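Labels run A, B and C following the written order; every chain starts at residue 1.
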Amino acid sequence: MSVDKTTVAKIARLARIHVPDERQQAIATELNGILSWVDELNEVNTDNVEPLANVTGHSLPMRDDFVTDGDRIDDVLANVPESAGGFFVVPKVVE
Amino acid sequence: MVDILDLGAVEARVALDAGEISAVELASAYIAAAEETSGLNNYVALTAEHALEMAAASDARIAKGEAGLLEGVPIGVKDLFCTAGYSSTACSNILAGFTPTYESTVTANLWREGGVMLGKLNCDEFAMGSANETSAYGPAINPWQAADGADLVPGGSSGGSASAVAARSALLATGTDTGGSIRQPAAFCGVVGLKPTYGRCSRWGIVAFASSLDQAGPFSRKVADNALMMQAMAGFDPKDSTSADVPLQELSAAVTLGVRGMKIGIPSEYVLDGMDPEVVTIWQQGQDWLRAAGAELVDISLPHTKYALPTYYIIAPAEASSNLARYDGVRYGKRVEAESLDEMYALTRAEGFGEEVQRRIMIGTYVLSAGYYDAYYLKAQRVRRLIRNDFDTAFETVDAILTPATPSAAFPVGRKVDDPVTNFLNDVFTVPANLAGLPGMAVPAGMNGDGLPLGLQLLARPFDEATLYAAGQVLEDAAGFVANPTRRAGGVS
Amino acid sequence: MTSNLVRGATGDWEVVIGLEVHAQVSSNAKLFSGASATFGADPNQNVSLVDAAMPGMLPVINHECVRQAVRTGLGLRADINLVSVFDRKNYFYADLPQGYQISQFKQPIVGEGKLRIDLPDGSSRNIGIERLHLEQDAGKSMHDQHPSKSYIDLNRTGVALMEIVSRPDMRSSIEAASYVRKLRSIMRYLGTCDGNMEEGSLRADVNVSVRRPGEALGTRTETKNLNSLRFIQQAIDFEVVRQIEILEDSGEIDQETRLFDTTTGTTRTMRSKEDAHDYRYFPDPDLLPLVISQDEVDELAAALPELPDQIKDRLTGDYGLSAYDAAVITEERETALFYEAASQQHDRKLVANWMTVELFGALNKSGQTLAECKVTPKRLGGLVGLISDGTISGKIAKDVFAVMFETGGDAANIVEEKGLKQVSDSGAIEALIDAVIAANEDKVAEYRAGKDKLFGFFVGQVMKKSGGQANPGIVNQILRTRLDGGG
């Protein structure tokens, strides 16, 4: 598995990070370095090993169905770069 | 007269309650110290006025006999914690100007117990780094200086926290530890740092790096102070679904328990090729101290140790790539204006995130993407279980594990490294505890030939922080380490 | 069952439809935050810091939403998974503050089930349910407020949705609409989703493909976010025609997401392609596995109300109602309960008739709902009782009903007050008949000469003379003897 410029562009697009064309090759090289290093994991036999996503061993705690939050538009918009009439405002989205 | 800054937290509490010093006095001394050592760049915001107000309130409570556990104790806060009304940026440009209207559970716990907030401390951007060099505020500096006078890194990501506590510009400090970000800088700066069991401290209100690994923990100069702070900051939080509803042990009492009869594991896999011989020596010394104090040393094997780092460097970036998706310029933080929404996202995130953060987002995005998920992410989750199993097996026979905290002492600021993987190696001894969710403590154990501190790491079973404090105190007593960093002692311009 | 094949220019095509229905869970608060899940608040009013994805905010699940999903699963006769997992579905969008939607990908809370649909011709059949999972709703983007900006409201962000995925078992737009109608009905019976399609509480994504009968599945398109039964049918019908035209023209169908234009009834390609759907699902590390106990499932199962299919079976089986009437009556639980109460001591079929024709007609005309209207089940039953025991005729009953609908009064009282009681006294009726015969001797002669059709004329005259109150059965009977008997 080797990352090329096209893959870098694709990942950058998925991650919504602008990567200038001239940086793509350098990033590809870096990622390949890291990926070939983590390939070391292939030495480990993980047949019949359950993936471990969380170490707590507990199940999900649940809360009761009460309205305990909301109605705090000042907090919600406290740091907003642009808003109007209580809405967040972004460049127009075309569907 | 004794320098007020020499008092530990436990000692300061006694002095405060006895009326020998006031909280305002103590806070003022620390504010002055922080200003005096501003060249270390360990504070990104000093909230002096707020600290003095809090200290005055502490004095009032002490006078009324209503003192909390940390009443009047000045504490620095890693910039990863959201503090209501005070800029909280995770040392990233993308959160430039972000002032939360809410307080993290951990800091709220500290203030509830009377802690006095000194300010926000430098760290690696989004806690991604091991040298505090990825911070948007520039590197924090280690108060310990190289023999040649060069500036050294304090470690990271909680570099500002370790640096401030070591430099006596904070009596205590909060940190977070995702792969070693408390223990490694603690070792580099010669202070005590605890990464609690996953789930012990609430993650609510802390900027997330890798949710299944992140844990907040305390920094202090003394083990007993650390226990006091941990007692105040930990606890079950219904706002964090991964928070554990497991009663906290009597940690302050644990420091007096000693290690007699305790079985301490020494893992053979922690001997690395080309490891600094002085690190090996200090590790050996630590074993001798514990044996001398009545512990039984047991050789153990943690066979999957060498796979912990690559496992970590899949899981942590994967979670981070998703956790950091919310920084998009829409609701808070930096925004780069653009014609289209997608362009705004891409430019905002390209300018807002630093190089290391971008690198990790890219890796994380890649390992989760279609076609690679099983080969990387799922594989890493399986190895993660094997790593945890190693520890479970070990803890069937031992009560704690002793390892070096870091493979080397602190290195110079700006050290050029071509291969990012080389930087990752700083975390080789600390990462396994995060993957397994175990508590781990770094305790200063001595100095290398250059006069720089070296630390040892203790690991214990989940939710058994008490054993770490008991053993940590033994190491501290035996080492007789005196934190007297060069740049502090010599004064900083 | 009639054939569902569609005739194209080059032969028959089979339509294959699968549906993904997004149903808003009825709950007070959101799935992972304590903000209100209510519709219609001011912009960003029902938003917590968790919903706005502020740094360091964490999700905590609402137990009631879990219970609602289990109830719905039980109503769909589906497997309940005691352990399920929440995953993150990663993508960027203005109304998705976290940059990911918390959903269930690999291990949903509900597994396979089935839903019986009732078709207009009275037949029924089962449609497979593949799964039901819990997930967060997104916010709302408004694109028409400003020439170069979109406005974002996060009130819906984080509201709990159930995504219910069918098997591709439907073969016509009518079946698809019947599926959604039944699904909505079951959830409304259960109280797990209000089914309000106008407010967006229930939306469907339709997957449509066509193939030659017996051949492998064709390439499908997905048309998103249809919020009425009519739009669902329109979108499918349009897609079927469009796809057949393309295929018959030797073209290929693009596997794509399409948008439905409600004004033209057509579908079109989405302009913003979603990065080839690389959602990078992985288990949400902020959450732990969702574990529910069998005891809790059993408890919820025991408390389930009777569902439309069960009631419908009783209505067609025990009560002898037509499949159509039974389906109409059981679609809404209120109606079914009303019917059961109204018909308890009366002629079941007659009550069904009165409900579906008169009562529903009047409700339709007045724009009232069953709950709002003044006619109680007991009153309607009373009215039918008066017809059955011959107190009033069906015709009079309509007048009585009209009054009852206005005032909510009791049928017997209305009959009494207005003197509408049916005349069954044969002496009185004979007198009326005598008068009619006397006044129409010519017609009597014609009738007796063989013009049988005139019988109806005599009945009408007698009824008219009685002011509609004469018992039509007795009128018929006496008239028959009087005219035919030559007396």
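Simple rule for what comes next: a contact is a pair of C-beta atoms (placed from the backbone, for glycine too) under 8 Å apart; a residue touches a chain by one contact, two chains touch by 3 or more.
Fair warning: this is a prediction, and the values are worked out from it, not measured in the lab.
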item: B-C or A-B, whichever has more C-beta pairs in contact; value: A-B
item: Central chain of the complex, centres being mean CA coordinates; value: A
item: Between chain C and chain A, distance of the C-alpha-averaged centres to the nearest whole Å; value: 41
item: Rounded Å distance between chain B and chain C, as computed from the means of their C-alpha atoms; value: 58
item: Chain A and chain B, separation of their C-alpha mean positions in angstrom; value: 24
item: Multi-chain contact sites of chain A, meaning residues that touch two or more partners; value: 13-14, 16, 53-54, 56, 58, 60-61, 63, 75-76, 88, 90-94
item: Residues of chain C engaged with two or more neighbouring chains; value: 49, 52, 60-61, 92, 94, 150, 152, 278, 280, 285, 287-288
item: Interface hub residues of chain B, defined as touching at least two other chains; value: 98, 100-102, 212, 238, 241-242, 321, 325, 328, 330-332, 341-342, 345, 365, 369
item: Complex contacts: residues of chain C adjacent to chain A; value: 27-29, 33-36, 42-52, 60-66, 85-86, 92, 94, 141-143, 145-154, 259, 270-272, 275, 278, 280, 283, 285, 287-291
item: Partner chain C, residues of chain A touching it in the complex; value: 13-14, 16, 53-54, 56, 58-73, 75-77, 84-95
item: Residue ranges of chain A in contact with chain B within the complex; value: 1, 3, 7-8, 11-19, 27, 30-31, 33-35, 37-44, 46, 49-56, 58, 60-61, 63, 74-76, 78-82, 88, 90-94
item: Interfacial residue positions of chain C with respect to chain B in the complex; value: 49, 52-61, 88, 90, 92, 94, 97-100, 150, 152, 278, 280-282, 284-288
item: Of chain B, residues touching chain C in the complex; value: 81-82, 88, 90, 95, 98, 100-102, 104, 203-208, 210-212, 238-242, 318-319, 321-322, 324-326, 328, 330-332, 341-342, 345, 365, 368-370, 373, 377
